[in-house]
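Just so it is clear, A, B, C, D and E label the chains in written order, and each chain counts residues from 1 on its own.
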Amino acid sequence: MSLGLEHYLVLSAALFSIGLYGALTKRSAVVILMSIELMLNATNIALVAFSRYIVPVLLTGQVFTIFSIVVAAAEATVGLAIIMAIYRSRETIDTTKIDLMKW
Amino acid sequence: METVIPNELVWLIFLLPLLSFAVISLILRPFFSNKPRLSGYISISAIFGSFILSIWALTSILSAPSHELAIPDFNWLVIDSAITIHLGLIMDSLTAVMLIVVTLVSLMIQMYSQGYMQGDPSYHRYYAYMSLFTASMLGLVMVDNLLIMFVFWELVGLCSYLLIGFWFHRPAAANAAKKAFIVTRIGDFGFLAAILLLLSKTGTLDIAQLHSLAIAGTLAGTVLTLAAIGIFLGAVGKSAQFPLHVWLPDAMEGPTPVSALIHAATMVAAGVFLVARMFPLFEHSEVALLTVAIIGGLTAIFAATMGLVMTDIKRVLAYSTISQLGYMMLGLGVGGIAIGIFHLFNHAFFKALLFLGAGSVSHATGTFDMRQMGGLRKVMPWTYATFLIASLSIAGIWPLAGFWSKDEILLSSINNQPILFYLAMVTVFMTAFYMFRVVFLTFGGQYRGDNSGSHSARPHESPSVMIMPMVVLAVLAVGSGWLNVTGGFSQFLGGGETRGFFEGLFHGFTHTLPGLPIPLAWISLILAGLGILLAYAIYSARWLSAERITRLFAPLHMLFSRKYWFDELYEHIIARIVLLKGLFAGLKFFDSRGIDGAVNGIARTTVATGRVIRKAQTGQLQLYGMFIILGVVAIILAMYLSG
Amino acid sequence: MGLEIAFWVLAVVAIAAALAVVTLRNVFRAALSLILCFLAVAGIFVTLSADFLAAVQILIYVGAIAVLIILAIMLTREVERGSLSNKLVVPVLISAILFFGVATFAMLNTSWPVVSLPPAEPTTALLASKLFGEDGFILTVEIAAILLLATIIGAITIVREK
Amino acid sequence: MDFNYLTIIIFLPLAGAAIIALVPGLSSRLIRYVAAIFTLVPLAISLGLFAAFDRSAGAEVFQFQEKVSWIPAINANYHLGVDGLSLPLVVLMALLGFLAVLISWKINLRVREYFAWLLLLETSILGVFVSLDLLLFFIFWEIEIIPMYFLISIWGAGRKEYSAMKYVLYTLFGGALILAGILGLYFTTDPHSLSMVDIAQTDLAPLVTSIPLAAIFFLLLAGFAVKLPIIPLHTWLPDAHTDAPTAVSVILAGTLIKMGGYAIIRICVTIFPQATQDYAPLLLTLAAVNVVYGAAVTLKQTDIKRLIAYSSISHMGFVLLGIFALSKVSLVGAGLQMFSHGIITGLLFAVAGIVMHNTKERNIAKLGGLARQMPAIAVIFTIAGLGAMGVPSTSGFTAEVTIFLGAFSSNVVSGVPIFTIICLLGILLAAAYILWLLQRVFFGPALAKFNHVIDADRLEKIYCAIFIALIFLVGLYPMILTDVIKTGIAPIAALFGG
Amino acid sequence: MNLELLLPELSLLITAIAVIMLDLFTERKGLLAVVSIVGLAIAAGFAITMWGTDPQAIFNNMLAVDNYALFFKLLFLGIAVLVILVSVDYVSKFVHFRGEYHALVLLATLGMMLMAAATDLISIFVALELAAISFYVLVGFLKDKKSTEASLKFVLLGGIASAVLLFGMALTFGFTGTTQLPEIALAVHEMSAQGLLSNPGLILGIVLMIAGFGFKIAAVPFHMWAPDVYEGAPTPITLYLSVGSKVAGFAVILRVFYSAFALPETLSLDWGMIFAILGAIGMTLGNVVAIQQANIKRMLAYSSIAHAGYIMIGLAAIGLSIGLSPTTDTLAPLAQSSILFYVVAFALADLAAFISVIVISGKLGSDQISDYAGMGKQAPLVALALTLGLISLIGLPPTAGFIAKFYIFSDAVNNGLLWLVIIAVLNSAISAYYYLRVVKVMWLNEPAREGKVPSSLALRLALAISCLGILLLGIVPTIVMKLAEMATSMFGF
């Protein structure tokens, strides 16, 4: 089986799932943010792969990816800023302890 | 009075007392409360007017062809072609007789009440109710439509309720009133059911039309029987027949004139009247007619047994009334309208008189307990004399009124229902016994009452305003029976043959019926005489000790004096235990715990569900994230599982 | 063939690095693994003939995002505390595996409309015209710019003291 | 047509409510007078309409119609009109609205709000009776919830908040089903219509979509059954009645629950004759259960208002019997019974309210002998009680007997005589509980603790007299109503060959 | 370039920048609100002039200018005006960042407006993120514990949701080879011959997009962020999230699913059923849990989850209506305007409720329902407004909420969703329980403290507008219905 779209897709799914796992299990807000970046990266792989195999000359997927990267950067920035703010008010960024509001 | 009574005046017979009721309750009571006498005068004048008009109506009917006047009617409830209920009057011989009875007795009793009720704080109310009752009773006997009759039927019941409970502050009176209403309503249930049945099968409730349908045979079979029995059930309730007799003795809690009018002479007789009114229906249903006769005959003896042992004078009279009503039913069942109604007619006078006498006695002694009386013959001669006449009359002593009608009933029953005849004969004996037990206990011997009691005055004769009506009634108790000596009364009511006055006077003593050794009149007279004699022996001459006899027949005495435990059965076992504490309490429990419990349970479950679900919202953001993914996976899986 | 080898190597590196990100207890090392993963992904982009994207990936992810993250780690003293897991490890693991299974199943069982055209190369000029050309994504670029504006305003607002 | 009488009748109370609520600085006294005036005028107009109503055989069924396009997108119209069925109920509501103001005269707590809500309540109930558009009907049906909630929960007694909420939730659940039913009905018609008049004249059977007609019928019926109430959907009623302020109890018993009966006739029976006929035995069974079960439970009540409330359930069973016996006479009887029960039970609640207000006692076991201390009240209560137990010459008798006569003779539904006979038991039991109540409360020896209790005052006597006069008017001359009601019933009965 | 068609957006952008600039130069911070409102009004003015013109696609089919988009744009602009009005008191408590606050509100509005107009997955994604980023910051604006916690939860979960959405978009793109909605529709339609369900990739993509968008609209089970974030956020922002962000989410969903995934009809049936079930679960869960809430903002959060469920009935009805009666050649014009009407009605009711909460809580310093005792006495008009808002949320006449429910339920019944409607109507009955509890506390309980509740002119104005709107829509709904119908019938792409 030669290298094809499916390989990339499965890779993408695997990375996505790993990121997901990280995002949902790690206590540190920063690590969660890192995991989310992983997920976005995984998606980017899928987008580029589709771009390569399905619309090889149009590059739509690559354009999409560029925007995705921009968004990822923006989210990371805002996310980290918020983490800073929360650290300032609570001295911790352990998400399991950030549960003032519940029920 | 040659001219026929005008229609408007016929209506007036019924409207006069009604008007009196309205005037008393709407004008006199609110605005003239310090002049109670006025209401008595108004009421009496009204009933007097009705009485005069009734006589005019009677003479008109006597001279009318087929003894009937046609009165145009009004629409009461008309719904297109689906239903038409007219408010109209039927003016025939039966009505005429009843009118006379009602107006006359009512007149007498209302006059008597002026004395009896003197000084009662609710004098206005008393006369208002009396007028309303008289109006309703007159309406009952006059209307030509079964449904409207039911209206008045209920109204007299209502008045009965109000008057029994007249002294509502006494729990016993309030209880008795309620009991009377509810028990008679059980009977009314049958009456109403019969009305529904008749309307649905015939489309009419007009009495004359129903008669002709029954006579023509259009209305027949099961429907007819069921309808007749339903109607009779109404009569059973109203006339206190077995097994719905229990309310009447308790009804004696009302003022005595009320007992005389409503619970002796008129309202309780309405049941008999009803059967008579609807007689063609009964006539064409053997089962129904037999039922009437059997229930009547049984009630007659059954009630008499209880009358034997009562110590309260009014209760004796109450059982006597039940017993006599049973006679009337028996008369209707075995002999027809004329015989039953004739006894009703006579009974109204002598029984009213008996009650008035009892009232007079209690007026003097302040009690109805015969053990507290005695020796009143000397201080109350008028009362004694009239009471004695009435007692002789009810005992069936020739030639007083009671003799005639009772003999006719016996005569008819021997032909049709021999068993009932023998029961009736026993009843004759008992009647004479318990009536004279009352006479001897009350008027004979020495006064046993307590002079120092609340009723401080010594026993004294009642005022003339009370005595006069009693005298009038006494005359009637003697003479009312003579109306049919010639058979004229029966003829008027559409039955029987006529004979000469003197022939009629001794007819019963000269004709021996097949199966009997001697003429019937002798037998009944002898039995009555024996009864009187026994009473004399025990209660006056004291040849026999009452106590010893009581001991001798202890179980029977117990049975009678506890009224066969019917009150206990109805009130305690059925009403209180089975229904109120059992079934109804069960239903209430089901309602509050079952249905409402389910409702609250659902509400609580919803709230509890919320309480559980919100626990998922732990505040842990990663859990929230997990639900996003699980949601996705679940949707995909669900889609694939459902295809 | 070289492409395949490159893919496999890069894929393994990417997955390993990703696993390291989510398993390492040392946050700082996890961040370094993340950079490694980003680099591997950049390599993957190269295998997909997306050279410009690979550059962007390195510039933005490694150059900007990762640096920011490391900065945040320093500032929040996360290194001392280490990267611990919460109580949801098992259910999340199951969920992730389920998701991976579902996604893989879906991807492998779909007939993607693959065309066997050679990819356009080099992509830089093409992308430029795509992004900024008359019939391209110029509007979206503008929106992205506004997005960044909002990000800057927001980040400043949030980070500065009250 | 030249004058929008019905609109004025409905919205005058609303205007009164707005004035009371929004004009600042009104004194309590003035508020009462405003409320009285804004209910008296609709009463006068409604009586005028009653007099002017064309009763002749060939007359239009719906009269005084008003129709304005309202939401064209869904073909909803502002469509009002009254027929013989609704007109008496409109009069009744207008009357009770006015009397409720009089009954509430002594309310001193938050007077402004109280009368505003009371008037709003009147508007909504009147609206239900005159709406000929399903959406409009439903809107009025639902609006009533809010004032009821406030009236019970603020001015009530006992567990008033629980009762108010229970009332609201029950009504909303009922309303929910009605809404679903109305929608189902709306989409069954083609072109889609919300007009009760048009839909009633359409044969729906050929138009059936995926929703069977019987399902729509039951959705609507279940919703209306909550209001009537039909057992087992009744448990809100005793609680609401028990804890509501007197005037609200009067309106609740008088007209609010009639909305259920009215709607069943107007919508369920008229629009779904086939389903009605098919399921009539079921409904008749429920009617019998309502009557007997309701009366049986009534007998065990110890709270004076709760007892009357349960008696209402029993009496509504008669309405149900009258409706689903499906004969013309029984339907007319049902209409009559709704009116009659309104005035009788209205009066019962009004007097019970006075008793409770004056004695500060509502437990029947603790009351007694009051006939001495409050003779006028005793007389009034007795008369109302007589009406409730169906004593002739009161409207209660006339109405019930009409239902019985009609139901027993109905040839539309088989087996109906049996149900009728069972329902007759209700009258018997009614006598038992009413007499028991009278005896326990008014008769027997006078109790010293009530020696200072005052009798009804002049105002109370006046409004009670109005009730009593009506009870006897309808009882003695029922045709004053039946002549009107039958014009409304005739086309409905015709659906069943009557 | 059709820049004139972007005038509303451009004027909003310019206003946002102007506000920040102004903030640097003026000490009269009150001006910021005025400028913002003027900017919004200008944008609205431009939008109104475009109403009714033929739909156009601009910027290489990135955006549509059609009545549908304009309808939502105007709605967002209107809501934004009210949000800024009600923020006046709130913002005055900040020392810094007032300009940023207003700018971010405006940018969020811009993002939502673009969401409503976007017709390309890429522009949708970017616009959505623009709104999202603005909201992340706004939620954390107070910088206290609750606010930052809310913000953190929002940003992290929002990130996950974005990734999920992006993954779904990627799969859709992969399956169709395009990101433009009309072309996706064509591709999907063409490929339907091969059996759509045998291609789980697309299905997964759609489901992931549902999840991503579902996060925005707080659809169960993607809703769990909502209560926490609503509670922690500054109340005007909570309000904006509830009535703005959510509505924008619906605007996108409606456009995406209607223009891209309508045919083949089995597909419509599928997503119709998904929305039906999610809606049923959502409304039930939202209502049942709302009963338990003691904090009014949290309660309103659950209430808005429930309302998302009701709105999804409309989506389900659309899916089923296409699925049950497909038109073969062209898509039938979107018949259902009920969703649009519903979101307007919901927005008005929620506005009234939240604005009242802002007023009352501003005085009390507490969001606990029990502290609302006696508000009927202390602030009768505000309490009345809150009551009206809650009644409208219950869906009782004569309020907008009633007509909206009637309208949306009628669509559902028309498409065989009677069961769903029955669940929904029963749910609205349940909801009465907790809404009325607030009413009860306000009107029945005695106040704990004495004193009047002050409210600024701006708040009163905002409150009056929303209350009037509720009644207007409840009694004469025709105007808005007409607009909604125009919006859906002029549905461009």
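Quick note on the criterion: contacts are C-beta pairs under 8 Å (C-beta built on N, C-alpha and C of every residue); 3 or more make two chains touch, one makes a residue touch a chain.
In this text, all values refer to a predicted model and were calculated from it rather than measured experimentally.
Participant: Which chains are shared contacts of chain A and chain E?
Facilitator: Correct list: B, C.
Participant: With chain A gone and every other chain left where it is, what groups do the chains form?
Facilitator: Taking chain A away leaves a single connected set, one piece.
Participant: Averaging each chain's C-alpha atoms to get its centre, pick out the one most distant from chain A.
Facilitator: Relative to chain A, the chain with the farthest C-alpha centre is B.
Participant: If you count the C-beta pairs in contact for each pair of chains, which pair comes out on top?
Facilitator: Greatest count of contact pairs is found between chains A-C.
Participant: So, comparing C-alpha centroids, which chain is the farthest one from chain D?
Facilitator: Farthest chain from chain D, going by C-alpha centroids: C.
Participant: So, comparing each chain's Cα centre against the centre of all protein Cα atoms, which one is closest?
Facilitator: Located nearest the centre of all protein C-alpha atoms is chain D.
Participant: What is the distance in Å between the mean C-alpha positions of chain D and chain E?
Facilitator: Going by mean C-alpha positions, chain D sits 42 Å from chain E.
Participant: Between chain C and chain D, what is the separation of their C-alpha centroids in Å?
Facilitator: Here the centre of chain D sits 70 Å away from the centre of chain C.
Participant: Rounded to the nearest whole Å, what is the centre-to-centre distance of chain B and chain D, using the mean of the C-alpha atoms as each centre?
Facilitator: 37
Participant: Provide the C-alpha centroid distance between chain B and chain C, rounded to the nearest whole angstrom.
Facilitator: Roughly 102 Å separates the two chain centres.
Participant: For chain D, jot down the residues that touch at least 2 other chains.
Facilitator: Within chain D, the residues that touch at least two other chains are 169.
Participant: Indicate the residues of chain B shared as contacts by at least two other chains.
Facilitator: 614, 617, 619-623, 625-626, 629-630, 632, 636, in rising order.
Participant: Two or more other chains touching the same residue: where does that happen in chain E?
Facilitator: 122, 126, 129, 133, 136-137, 140, 143, 151-153, 156, 160, 171, 174, 177, 200, 203-204, 227-228, 292, 430 - these are the residues of chain E that touch more than one other chain.
Participant: Which chain pairs here would you call touching?
Facilitator: A-B, A-C, A-E, B-C, B-D, B-E, C-E, D-E
Participant: Under the stated contact criterion, what part of chain B meets chain A in this complex?
Facilitator: 614-615, 617-622, 625-626, 629
Participant: Touching chain C in the complex: which residues of chain E?
Facilitator: Touching chain C from chain E are residues 13, 20, 58-60, 62-63, 95-97, 100-101, 103-104, 107, 110-111, 114, 120, 122-123, 126-127, 129-130, 133-134, 136-137, 140-141, 143, 151, 171, 174-177, 187, 191, 194, 198-204.
Participant: Which residues, counting only chain A, touch chain C once they are in their complex?
Facilitator: Within the complex, chain A contacts chain C at residues 2-11, 13-22, 24-28, 30-31, 33-35, 37-38, 41, 44-45, 48-57, 59, 62-63, 65-67, 69-74, 76-78, 80-85, 87-88, 93-96.
Participant: Which of the residues in chain B end up touching chain C in this complex?
Facilitator: Residue positions touching the partner: 620, 622-623, 626, 629-630, 632-633, 636-637.
Participant: Okay, in this complex, where on chain B does chain E touch?
Facilitator: My answer: residues 606-607, 609-611, 613-614, 616-617, 619, 621, 623-625, 627-632, 634-636, 639-640, 643.
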